[in-house]
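Listed after this line are the structures, all set down as structure tokens.
Both complexes shown next keep chain A, but they swap its partner, so chain B is in the first and chain C is in the second.
What follows is the complex of A and B.
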């Protein structure tokens, strides 16, 4: 009779401890008493993102249509044809056309395994931060990249890479790990600039990072920029 | 018989423990980048940025629709077509930095005693774009998506390079945009100015009514990339 009392007591103590731990973690998931307000903000963000997706799709369609009309009207008129060619070249430079070519793909992910092995450590040491991405982009540019995208977001001149809290944003669009950086350029040169910088640091700190080189038989593709360009304060200096 | 009796509870404990531990790990892993885990003020900042973006998209959608309508209505009028194409080309020139531009903005100056690295210049430019900058130059060289920053060493000196050319001090970053918004973007608590101060770098910020940003020196060339036609 008595024999099972001791084990059951131990069982209850341990499960009690674990349960309380779990609840604590759960409680910290909804971080503050104004959790409800956060709920509202999160759903607002989700709605805005959906609307933005819709707008961007519409804008892309309109831009494609514009492209078609501008390239098809009155051929045979030399002046207009020259203009059309110049516009196409300018669109290429502006990141408004999807591109493909030789290049490199770099994948960065959070170090989940490292965090599991050291659950009491600061979790911030095990996630990819926007600085890591910014540094790799900066290094890739040294290898003469012709176009870069991160998780499908084309980088253009005013593109920013930043974080709000622990969320990484590029072109104001929320990105989630794993982060896939795609660049068009000479794959061997890009490999070289990649291997002696931030990528190497991440790798030696245990982050699951990898890259693949892509040659003409297996080119990378980079989408067009789907955002806007804004000039509210800028005037041409004449 | 008695020996077997305690095996069942222990098994249950261990199974339970396993389940709880894995749940615990999952919670940990998911917590950090989950939207609901962010601070209220961060969420508010995101809402604000997204609303701005939606507004800009709305405006550009309207403009593009008008452009399309004008083009469709003018298919027979060559002068009209030419005007529309010219207007489009001018806008693209503005986007590509192919023309010199001016506007209000912010000037940031690092004097030669500033202990800064090339990554600090990259961060500064990144923050300026995030704060809504419309055109940026460093030491009067226009920045675009292809601009590259690094460093070079001589016997007793180190230089930050822009497009492989050493930058001489004072290093001046000029950005066109709303001067107040640009300045706020840099000086918010824990922002880049605070960070630089930790390393003993104190750039001078000046709001300007007019800043002139030159055109890009060499337009980008595309050797590897070709236009990917949509299927």
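What follows is the complex of A and C.
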């Protein structure tokens, strides 16, 4: 055996190893593995959302049926009528009835013009975050609002306002900007709390925000909460 | 004669068989090391053909070149200078020079053999 065979073979083995490793690294680099995983997650989310929609429809149908049954039993019996009124009141308090009334409508949108003007700046400074919405909701509550919805999602006790990537979750529904916050209450008081709070901050940092006051001739409408209340751990303490 | 090629294939198979993957951060430095090792392989073949081959020179050159290239690339990154471009350039040029030398040598030998055969 010639003396050069062994060293070159060793070098060749290591080169081959390095080459294939590098090849693998590049191959896994180019078709972005994160993107692939994201696609899988997106399809999972879509499936789950479809399922939620189905259940929601089911729930709505059942509720309509329940309504029908409740209404049909009424036949001049004062007791049942009183009970029904109580149910209606409980539903109103639980947020299960669509409402309308005087109020205010606030529209918040991302500051896309500002981001375009300063493309090197942190884009986080130009989008509406869930904290902004939370603050405005809290301020509206301070203004004695009676019902709030965001992009058609009624806010009730179990409602969350949560940041998930580039969208905001409310009632496990994904919301994207522009965010339209509708609140029922005294429009003038609501306007005042709005103008001295988060809304003013957003406005002065250049966000395209606006609001409209609605009086009884042009009432705002708020949909009912379409989810359910679950009490797994709760017991009434008597 | 064919052992080096078999070795290359063997290394490639091992590399693709094991589940180890180079972390994304080091891919750039690894690319320089790969170039250095390829350069060593062709340099070795050239040395064999020119009859100036020395096994220890090849092996030490192989490891130090690959390591130093990767280290230089890393240092360049720390300093904000694209030093790895210099390594890629240097090894690329040497690779092509080695290949050209190998080709020249093989061609010369082939022509010599051909002429000898004609003379017979």
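Note that the second predicted complex is superposed on the first by the 205 of 238 C-alpha atoms of A that agree within 3 Å, B and C clash if a C-alpha of one lies under 4 Å from a C-alpha of the other, contacts with A are read in each partner's own complex, and residues count from 1 in each chain.
Keep this in mind: contacts are C-beta pairs under 8 Å (C-beta built on N, C-alpha and C of every residue); 3 or more make two chains touch, one makes a residue touch a chain.
Remember, it's a predicted structure, so these values are computed and weren't measured experimentally.
More chain A residues lie in contact with B than with the other chain of the pair chain B and chain C. By the document's definition of touching, of the two partners only chain B reaches A:91; chain C does not. Contacts of A:218 after superposition: neither chain B nor chain C is touched.
Applying the stated contact rule after C-alpha superposition, one finds that A:52 touches chain B and leaves chain C untouched.
Using the contact criterion defined above for the overlaid structures, shared-chain residue A:204 touches neither chain B nor chain C, since it reaches no partner. Of the two partner chains, chain B is the only one touched by A:39; chain C is not. Once the two complexes are overlaid on the shared chain, A:80 sits against chain B while remaining clear of chain C.
In the superposition on chain A, contact of A:8 is made with both chain B and chain C. When both complexes are overlaid on chain A, the residue A:16 reaches chain C alone and has no touch with chain B. Look at A:120: by the touch rule set out above, it reaches neither chain B nor chain C.
The intersection of chain A residues touching chain B with those touching chain C, taken from the two complexes, comprises 3-4, 6-8, 10-11, 14-15, 18-19, 21-22, 25-26, 28-29. If you check the complex, the residues on chain B that touch chain A are 2, 5-6, 9-10, 12-13, 16-17, 20-21, 23-25, 27-29, 31-33, 35-40, 42-47, 49-54, 56-61, 64-65, 67-68, 71-72, 75, 78, 81-82, 84-86, 88-90, 92-105, 118-119, 122-123, 126-127, 129-130, 132-135, 143-150, 176-178, 212, 219-220, 222-228, 230. Chain contact summary for the complex, chain A toward chain C: residues 3-26, 28-29. For chain C in complex with chain A, the touching residues are 1, 3-16, 20-22, 24, 27, 30-31, 33-34, 37-38, 40-41, 44-45, 47-48, 53, 55-56, 58-59, 62, 66. Only residues 3-4, 6-8, 10-11, 14-15, 18-19, 21-22, 25-26, 28-32, 34, 37-39, 41-42, 44-46, 48-49, 51-52, 55-56, 58-59, 62-66, 69-70, 73-74, 77, 79-80, 83-84, 86-87, 90-95, 97-103, 110, 112, 115-116, 119, 123-124, 127, 131, 134-135, 138, 141-142, 145-148, 155-162, 164-169, 172, 174, 176-177, 184-186, 221-222, 227-237 of chain A touch chain B when the two sit together in their complex.
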